[in-house]
Amino acid sequence: MAEPRLAASSGAQGVRVDLARTPTARSRFEGGIRVALFAAAALSVVVTLLIVGSLLFETIEFLGEVPVGDYLFGTKWSPTFAGEQQSFGVLPLVWGTIYLTLIALAVAVPLGLLCAVYLSEYAPTRVRKVVKPVLEVLAGVPTIVFGYFALTFFTPDVLQGALGIGVGVFNGLSAGIIMGLLVLPTIASVAEDAMSAVPASLREGAFGLGASKLQVSLRIVFPAALSGIVAALILGASRAIGETVLVLVAGGQTPNLGVNPTESYQTMAAFIAAQARGDIPTGSVEFLTIFAVGFTLFAMTLLLNALSIRLVRRYRQVYE
Amino acid sequence: MSLNRLLPVLALVASLAFAVAACGSDDNESGASTGGESSAEGLSGSIRIDGSSTVLPFAEAAGELFNEENPDVKITVGSSGTGGGFEKFCAGETDISDASRPIKDDEEAPICKKNGVSYREVQVANDGIAVVTNPNLKVDCLTVDQLKKVWEPKSKVASLTDVDPSLPDAELALFGPGTDSGTFDFFTDEINGEEGASREDYQASEDDNQLVTGVEGSEGGMGYFGFSYYEQQQDKLNLVGVGESADSCVKPSKETIQDGSYSPLSRPLFMYPSAKAMARPEVKAFMDFTVENQQVIAEASQIVPLTEEQASEAKTSLGGN
Amino acid sequence: MTGAQIAAAARRQTTVIPRASRGDTWAGRLFQVLMFGAVGLAFLGLGAIIYDFARDGAAVVTWEFVTRFPSRVVPDRAGIQSAIVGTIYLMLICAALVIPLGVMTAVYLEEYADSRRWYNRLIEVNIQNLAGVPSVVYGILGLAFIVRGPLGMGPVLLAGGITLTLLVLPVVIIVAREAIRAVPSSIREGSLALGATHWQTIWKQVLPGSIAGIATGVILALSRAIGETAPLLVVGAGVSLRFNPEGLDSSFTALPIQIFAWTQDPNQAFVARAAGAICVLMVILLAMNSVAIWLRNRYEQKW
């Protein structure tokens, strides 16, 4: 503990204490901690730079062979077809990514948040102690299991069988919904943590004023936990955008710019994975597509995230 | 017991179980025995093999049988694809590259040369692409021309009657490998005349097992994939013979692929050991063993073996001069 | 300020809670129905998935299955020992790296960083962005800089572990930040008022108070890492190893990779065994989670 040097003098205004500042072992230690922590945080920037580094040069090389306009605004993606059929318009992949993510979030956000509210506000402690860990274990089911579940059960037995929807073997609807199931535990768990952390005094105050449980949940707890809930949503969306194997197995490999969910779609991440494991000679322009698409995906998520941070900062409430 | 008390116990038991498993007895048993004599005993070291997923079963079986006599050689087999395998090989990261096609002279070989990686090309087995249809869509034979009409770019063929009125009239549901796969490259090259030239409106998949499911589950299902995928699930599929003309139709089988009568959809499978790796006794012993016992290995992994002639050629290309 | 001004200010800051009306009770009931429906649906879906592979896999999981090595020659005797050991080592490496790095970063961002500085904002955006990068891109990163490039350690266990760490680090950071933020500032202020330094406050008050949330983050992160296939494949994990990795610089394989390879194998016997491997993976995950959950339950704080 720093040894404050007390120079006390009493007078008309009371006792005055001077705490002199000498650099002590303690304060040097504190300074050292700060540097160490900053270094850890800076690691993330290093990682980003490395990712950009590993993608950028090949992307530039790619753009040397394929005009930027064709790439960014072209509507046909068929890099490994021959001759005339070969086309490098990335829009179908971008759209596939966005579309499937939207379907996934349409499932995961309402279900996940409702689960979170239930666990945090309504469930008895014993139920919560069981249900929450179970949800988290489910977050660890390998994504390939979700993929095969979509392909071999959900599509034939649920979509085609029980619901009678005429979907293809590989379709966007199945991939999207099951991806929602994949992401649901993440959203539910993190949102639930945020809601549980809201101080009891807030709830009790509201109850004391005569609010119903519903009002407390929706109008007191929810806004108070908003920052954590948004973090949960962003984590969930990020996971969906980057999901590779599930789409690879269940979504098919056909880039598609349409809106029909019964057709097959391909996302950027699934394309990268397929291409990286495929039989493409190194150095060819088809091989370079891996890096170009990777870079595009990275840039896209960067923009989305910058936007969302702005939004969160504006609406975050600080309690206590 | 309350949940709180139960959890750490669960965790402890589970971790103990896995600790025991991890440090537990190794598995030293295996099934088939090899015909060839065992070469040097007491070999140790490690071998890295990577490349085509078609050759993977063969490489795995070779490693396993080799380990019976040389248990201290640690063999790692990967499955990054033929192209990915060559990329790692030419970067000096693997000792042997598996390939379902020869190394590309214009794109891949120069990289190896630049990095000073020299190698030998050794054919180790044969493979074929099977054309299949749903059992309800009975087709016995399709000529190369007919196949081309179905699969060529911009093809509008919706039923086999468009190709030949005598064929069954069912609406086709087409399945095939993804456009990044070696099977796709090979099929399009042989049937459509150009690698990568294909109609675009078929259902593509990374996993050939799913193509089987797709063809089997669609009335007018038709698809193409590696022969071993057909062979393992033949009861679900109808095999189509392929030939240059209607009377030269041949159905793929171990024999017809091996002797080349199943044409043009037969291809050789290769292993490329690097010269640097071959200088190590364990790698040389492994390659010698593989070539010597390729028949047994191929049978054990359900791959089509080499002919006598091809086998002696392989020994020559491996032995060098 | 005058009384009227104070009242006006208070009105602006408060939320008006109308008295519960009849419509509200219906809304409340409807909400409860929706909630139970959601939880039910979630469990139904996830339960179906578990049932699917458990049914196929249960028959396959025997002691031999767990202790044998993979076999191509005798598929019925193929086992997953090397994959299990590889996965466990990878998780240990990942946990050992991600917990300190993640918590340190989260502490920095929440406790020390001035969010008005551009470099701190950059770090924040960065981390959130990294959470959404597809896992295969981390594989490319690992291949370029850890397996090859400056670190150049080759396709070995440590490289795989570091790649997985980088992949899940953002998750830990984001969740840990929320946990640290949830510690009421009254706790911090009280500690500082009693004369503790900033770091002492963090170490003795804030961190213990946020262990539960941090544990959640670590659970989610490791759960994600244990099932990852694509990055490990790109980094160079083997598909079939008949030996356990001997050290950090050894070739390795992992359960998800074994599963992935087996499901794509033409031999249907392997496809069946993949379900068994999935069951084993889930058991390992359960064991891992149990430790973390126990920690969380023990240290959970209700403010």
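Letters A, B and C name the chains as they come in the text, with residue numbers starting at 1 for each one.
What we mean here is this: a contact is a pair of C-beta atoms (placed from the backbone, for glycine too) under 8 Å apart; a residue touches a chain by one contact, two chains touch by 3 or more.
Only a predicted model underlies this, so the values are computations on that prediction, with no experimental measurement involved.
S.K.: Draw the chains as dots and join the ones that touch; what shape do you get: line, ring, star, complete or other?
M.R.: Its topology is that of a complete graph.
S.K.: Given the two chain pairs A-B and A-C, which is bridged by the higher number of C-beta pairs in contact?
M.R.: Output for the comparison: A-C.
S.K.: Go ahead and note the Å separation of the Cα centroids belonging to chain A and chain B.
M.R.: 37
S.K.: When the C-alpha atoms of chain A and chain C are each averaged to a single point, how far apart are the two points in Å?
M.R.: 12
S.K.: Which positions in chain C are in touch with at least two other chains?
M.R.: 233-234, 263, 286, 290, 293, 297 - these are the residues of chain C that touch more than one other chain.
S.K.: Got the chain B residues that touch at least 2 other chains?
M.R.: If we look for residues of chain B contacting two or more partner chains, we find 3-4, 79-80, 206-207.
S.K.: Where in chain A do residues touch at least two different other chains?
M.R.: 129, 152, 276-277
S.K.: In the complex of these two chains, what residues of chain B are touching chain A?
M.R.: Touching chain A: residues 3-4, 52, 79-84, 86-87, 90, 100-101, 104, 107-108, 111, 153, 175, 178-182, 184-185, 188, 194-198, 200, 203-207, 210, 213-214, 217-218 of chain B.
S.K.: Please output the residues of chain C touching chain B within their complex, sorted ascending.
M.R.: 64, 66-74, 77, 79, 81, 84-85, 88, 147-148, 154-155, 233-234, 236-244, 251, 253, 261, 263-268, 271, 283-284, 286-288, 290-291, 293-294, 297-298
S.K.: Inside the complex, what are the residues of chain A that reach chain B?
M.R.: 78-86, 126, 129-130, 151-152, 156, 168-170, 248-249, 252-254, 264, 274-284, 286-287
S.K.: Which positions of chain A touch chain C when the two form their complex?
M.R.: The touching residues are 1-2, 26-27, 29-30, 33-34, 36-38, 40-45, 47-48, 50-51, 53-55, 110-112, 114-115, 117-118, 122, 129, 131, 133, 135-146, 148-149, 152-153, 181, 184-186, 188-190, 193-194, 196-197, 199-200, 206, 209-215, 217-220, 227-228, 231, 234-235, 237-239, 241-245, 268-269, 272-273, 276-277, 290-291, 294, 297-298, 301-302, 304-306, 308-309, 319-320.
S.K.: Would you tell me which residues of chain C are touching chain A in their complex?
M.R.: Going by the criterion above, the answer is residues 15, 17, 19-20, 24-25, 27-28, 31-32, 34-39, 41-42, 45-46, 48-50, 52-53, 100-101, 104-105, 107-109, 112-113, 121-141, 144-145, 166, 169-171, 173-175, 177-179, 181-182, 184-186, 195, 197-199, 212-213, 216, 219-220, 222-224, 226-230, 233-234, 255-256, 259-260, 263, 278, 281-282, 285-286, 289-290, 293, 297, 302-303.
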